[in-house]
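Just passing along the structure, written as structure tokens.
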Amino acid sequence: MPELRMNQAIREALAHEMRADPSVLILGEDVAAADGVFKATEGLLAEFGPLRVRDTPISETAILGAAVGAAMAGMRPVAEIMFVEFLGVALDQIVTQAAKMHYLSAGTFSVPLVVRASAGAGLGFGAQHSQTLETWLLSTPGLKVASPSGPMSAYRLLRAAIRDPNPVVILEPRALYGVRETFDPDSVVVDGLGIARKMRGGDAVTVVALGQMVRLASSAAASVADRWPADLWDLETLLPWDHASILESVRRTGRLIVVEENPSTGGWGTEVVSYLTERAWSSLKAPPVRICCPDTPVPFAGKLERRYLPSETWVADQIKALCTDGRRLTPWWEAYAQ
Amino acid sequence: MITDATQRRALLQSGNLASALDRMVEIRVFEEQVQRLFLKGLIPGTTHTCQGQEAVCVGVASVVRTGDPVLCTYRGHGWALALGLPPVSALGEIMGKTVGCTGGLGGSMHLSDRSVGFWPTIAIIGAQLPIAAGAAIASQIRGDGAVTVAVFGDGAVNIGAFHEALNFAAVSSLPVVFICENNLYGEYSRIDRTTAVSDIASRAAAYNIPGVIVDGQVVDDVRRVAQAAIDRARAGNGPTLIEAKTYRFVGHSRADPAKYRRAGELETWQARDPLKLLAAAIQPEAPDQLIASLRDRWETVMAGVVDTVVAAPEP
Amino acid sequence: MPELRMNQAIREALAHEMRADPSVLILGEDVAAADGVFKATEGLLAEFGPLRVRDTPISETAILGAAVGAAMAGMRPVAEIMFVEFLGVALDQIVTQAAKMHYLSAGTFSVPLVVRASAGAGLGFGAQHSQTLETWLLSTPGLKVASPSGPMSAYRLLRAAIRDPNPVVILEPRALYGVRETFDPDSVVVDGLGIARKMRGGDAVTVVALGQMVRLASSAAASVADRWPADLWDLETLLPWDHASILESVRRTGRLIVVEENPSTGGWGTEVVSYLTERAWSSLKAPPVRICCPDTPVPFAGKLERRYLPSETWVADQIKALCTDGRRLTPWWEAYAQ
Amino acid sequence: MITDATQRRALLQSGNLASALDRMVEIRVFEEQVQRLFLKGLIPGTTHTCQGQEAVCVGVASVVRTGDPVLCTYRGHGWALALGLPPVSALGEIMGKTVGCTGGLGGSMHLSDRSVGFWPTIAIIGAQLPIAAGAAIASQIRGDGAVTVAVFGDGAVNIGAFHEALNFAAVSSLPVVFICENNLYGEYSRIDRTTAVSDIASRAAAYNIPGVIVDGQVVDDVRRVAQAAIDRARAGNGPTLIEAKTYRFVGHSRADPAKYRRAGELETWQARDPLKLLAAAIQPEAPDQLIASLRDRWETVMAGVVDTVVAAPEP
């Protein structure tokens, strides 16, 4: 079985779908001749040629708009947006065009496009290149959004996304492109979007994480598993997220912790918390708790950036506090503000 | 009366000038009805009608191959009818009824009919331009010979999407034709107050593609220029930017009285009413009578269309 | 005391601040010569001249970028974005530029701009001109977001926003532009952003609403006030929202209903629900409940659009159900989906 | 050594060619240090250095009035030093230290120093262009005589913000100068593969403003052209688009080996190294020696700067 970095896994998924379906094409800045800035499209130009693997100008609106048009015409474009922030100049094409065309055309058109965008902090790229920004997309009927937690996850999600008849945005934690995993791509079951992955079973507390927070939550959960075994979920698909699995879990454990990489106010975890609180109310034994980042831009300097992100200790301590006395820990910045 | 969209389209494609005039009168009468219905409170939301601009949509529709993608704006009723949609389908949508082309989900700004290549019209200025480029990418990859047409107003030439789409289409030699209906106004602002050049077509140079100005009041000129651009695109030589100089005889939307017009401007343009110009070409001795007789017929038809739509159920 | 429509109240607020402060300017499409598409800038060109009241091309990125630049240079621009959807082509300038510049410049620059955008459904404008889209903005440290519920509210918020040193987006429910209210602009206390307004006092349940949902929630609360008196709040400012007031209210009533005009998944109410659930856990007697719209684009046809929006009956019924037996009502579309 | 930013700026503004060369060598040595430190793992994130392009920033900085807004990109180290920032302030920021110009909050892509008009550099392609237009609106309203300068790369001319900003500035006659550093590549793509025209300046016609091409390797040419554009803007005659033809002798960022270059291209441009050209103008008999002696001094200074920054605390 090969060991693949996450960018290689993405490349494998693209190659697989391009071989299987001549309607799949790739477009984006430097994705062809240069193999992609994150090397996630390596060698695809050579194999599939310049019509199906297309370098573009620095024109995110044109890239995404072209993806919408190609998809409506029956192709399956995969657009690479180098950093998710760049959606800020072209969000219209995803949210107001792609996500609405099926509805607006009374079902006569569909828009099977995929947008891959790198996301997240941890690499010292500063305030304009380190956000996750799921919430630009989350409240968009007609759209799907997913975020992988590692190579196999990225492989599976991308293949499912390409096959999905709806527009899908995949937010790839860029700090994970170099992370390796050993798995056999050919035996990965591509079972569609919207399925949360159980990473570890337990009855003490439900922990939900996404993207690069999954690893951190996993280590934290492992470190306290003997005393407070967590039911740990990698959400993988954020829109639509797997209501059924997480609801079942929370009804069973009675406790919920969401681990997010985004500002505290308005982060995606609010959706998970409020959905579950409304519906699993009578099962909850303690307040649901969100672990996330402070309400500031992402700082550049290394120490500050590390401080900005949730830590493993925090997650472990919170598991303990919630399971022992139903207590929410005060995030460091709230203490700081007092 | 023919009500099948493809057959209606074929009528225009015959190249027969009488069919073109007939369709133009149909559109004029349709739009007048829409305005009346709006003022009566029977149309929700908003409407953007196109009286005065009929030669552009009719001219272009008559040379686009049926099924090739055409992407237009919220000012799309004329395009809908020109491309073949039967009036009930268009008015039904504008009035939010089940008989509308999308059953009332979209409304006036989002007409569509995939069967004739009429893609959902888009209400965000400029957004259809890169989408059209994408449709053209699909054709380029498949080699299906389709040519995509993207239609927009003069106001759209200052939005980023216009620029990105034209440059991208140009460097990729995409089979797409960009058609600007320059009616001199974007909402209430005259083009000279918002746009650094007065000929939109001159911007083609920034993309190293042909820029062509055409008299948008003369259907045959529009046809000829559009055909040439389509042929060029189909031959693999890339996009063309066509600027059709035209004018809307009515306000921007809803009940806009269009007080911002320059004095005499409306009258000057009305003297070049595309219906009159075409009628004069067909029947130089009595153009007004020709129009009047077509009008009569369409008034009657439209009255029936209104009845049908009013009687149709809401979704 | 004058009776003012909401668009007139906005105009008064603009005129007031422009008279008081020569650094205030207005820019946007058709805001000058044509008095604004919604007539919210009527007569301002005549009073303040074309340098300070500026018509622009259809170029939202230029409009917002220019507002950022003018603000950084010490002016107080107020940009009008006709429909909030148009932020989709220029969100970058608000979220990635305006909201980050104070931080990125270590405090040497501030960005005191205001963006006014019309928002919301109810007028038959269809899927691309009827959304509220608060969640494009909500998770943005460095930004403020507010939404008025009527003429006086609009007047007060706008004046506060213009005086605020931070970038502020005001989402004006466009269905309310024609609504009238009698009040004396000169005696309105402009007490800053971030203050929720108590619309009605009560101990049975806390009801939080925003924008055009405030009127609907008010009528609903009034209709059941004799039996289940609600503590009804107009949030007014969504970012930062008034944590203290609502927390106090929920701790007192033990029940929470949020009335939102946005899709069910990921709407702004999730922030309110999850914040309060985390912190007022021990006071809650029933599950917090969100009343919102279904996860579809906004339909055009009148009946469908009315069905899309929350109804007064639903709010009233939910107050009753929550207060009597702690029950969340199933939204019609969930029943429909079953 | 002068470390006050305003005084450092004044040195350039003297118009003295020797000061210009001195600053250009300083920038060259600084950027080489940055690359070494990056490869040693002492700089987090990314860096975009500007060896080969020094004549553009130094030329422009020498004619912009101190305090007038200058908006640049992530490739901004040269601009920072040219505009006056002391090396410790720039390197401190790049290394994420408290001695950096924003104390480590921003990093390499977001240098700034308000005291000399160096606005926060922006890492979203094109975003600084409309912002610059806004700064110019402030000047136009206040009548303060300031002229804003917006700097961008050749890759930025295909993004919507470029188009919107230039049209908007043109129709509003704003006091702003747009300066494109055309180094032929946007990341790894050569301009001909992404841009429909080869002379960026030719796009000025789409906005009805002057478009000027200047040899970006010759500091005095840059100075002259920039001065003329600034004068024009200050006189109320609106914006100019300047295209400075230049080349980066290094990769796009980080450790990019720049394998995408055309054969011989680097060598051709190195023969027109702006340092050499200026040294030859100043001291035709021994330009290399002149550069070598300046280099020596700056190597020593920079070694000290590195020590200071390495020793400085993290935030």
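When the chains are written out, they are named A, B, C and D in that same order, and each has its own residue count from 1.
Here is the rule we go by: a residue touches a chain if its C-beta (ideal position, glycine included) is under 8 Å from a C-beta of that chain, and two chains touch if they have at least 3 such contacts.
From a predicted model like this one, the values you see are computed outputs, not experimental measurements.
> Can you list every chain that touches subunit A and also touches subunit B?
Touches both subunit A and subunit B: C, D.
> On a C-alpha centroid basis, what's the spacing between subunit A and subunit D, in Å?
Result: the chain centres lie 37 Å from each other.
> State, to the nearest whole Å, the distance from the C-alpha centre of subunit B to the C-alpha centre of subunit D.
Computed from C-alpha means, the inter-chain centre distance equals 46 Å.
> State, to the nearest whole Å, the distance from the C-alpha centre of subunit C to the C-alpha centre of subunit D.
41
> Please list all residues of subunit B that touch 2 or more other chains.
Within subunit B, residues 105-106, 110, 122, 124, 127, 158-161, 164, 167-168, 171, 193-195 contact more than one other chain.
> Residue numbers in subunit C touching 2 or more other chains?
Counting only residues that touch two or more other chains, subunit C contributes 56-57, 59-62, 85-86, 88-89, 92-93, 96, 103-104, 127-128.
> Can you tell me, using the touch rule above, whether these chains form a line, ring, star, complete graph or other shape?
Basically all the chains touch each other, so complete.
> Could you please specify the touching residues of subunit A with respect to subunit D in the complex?
Going by the criterion above, the answer is residues 29-30, 33-34, 37, 55-62, 85-86, 88-89, 123-129, 299-305.
> Which part of subunit C faces subunit D closely enough to touch in the complex?
Counting only subunit C, the residues touching subunit D are 25, 27, 51-52, 54, 56-57, 59-75, 77, 89, 92-93, 96-97, 101, 103-106, 108-109.
> Under the stated contact criterion, what part of subunit D meets subunit A in this complex?
Residues in contact with subunit A: 44-46, 96-97, 104-110, 122-127, 155-156, 158-161, 186-189, 193-195, 260, 314-315.
> Given the complex with subunit A, which residues does subunit B contribute to the contact?
69, 71, 101-103, 105-106, 110, 112, 114, 119-120, 122, 124, 127, 129-141, 148, 160-161, 164-165, 167-168, 171-172
> What part of subunit B is in contact with subunit D in the complex they form?
Subunit B residues touching subunit D: 158-164, 166-168, 170-171, 193-197, 202-203, 205-209.
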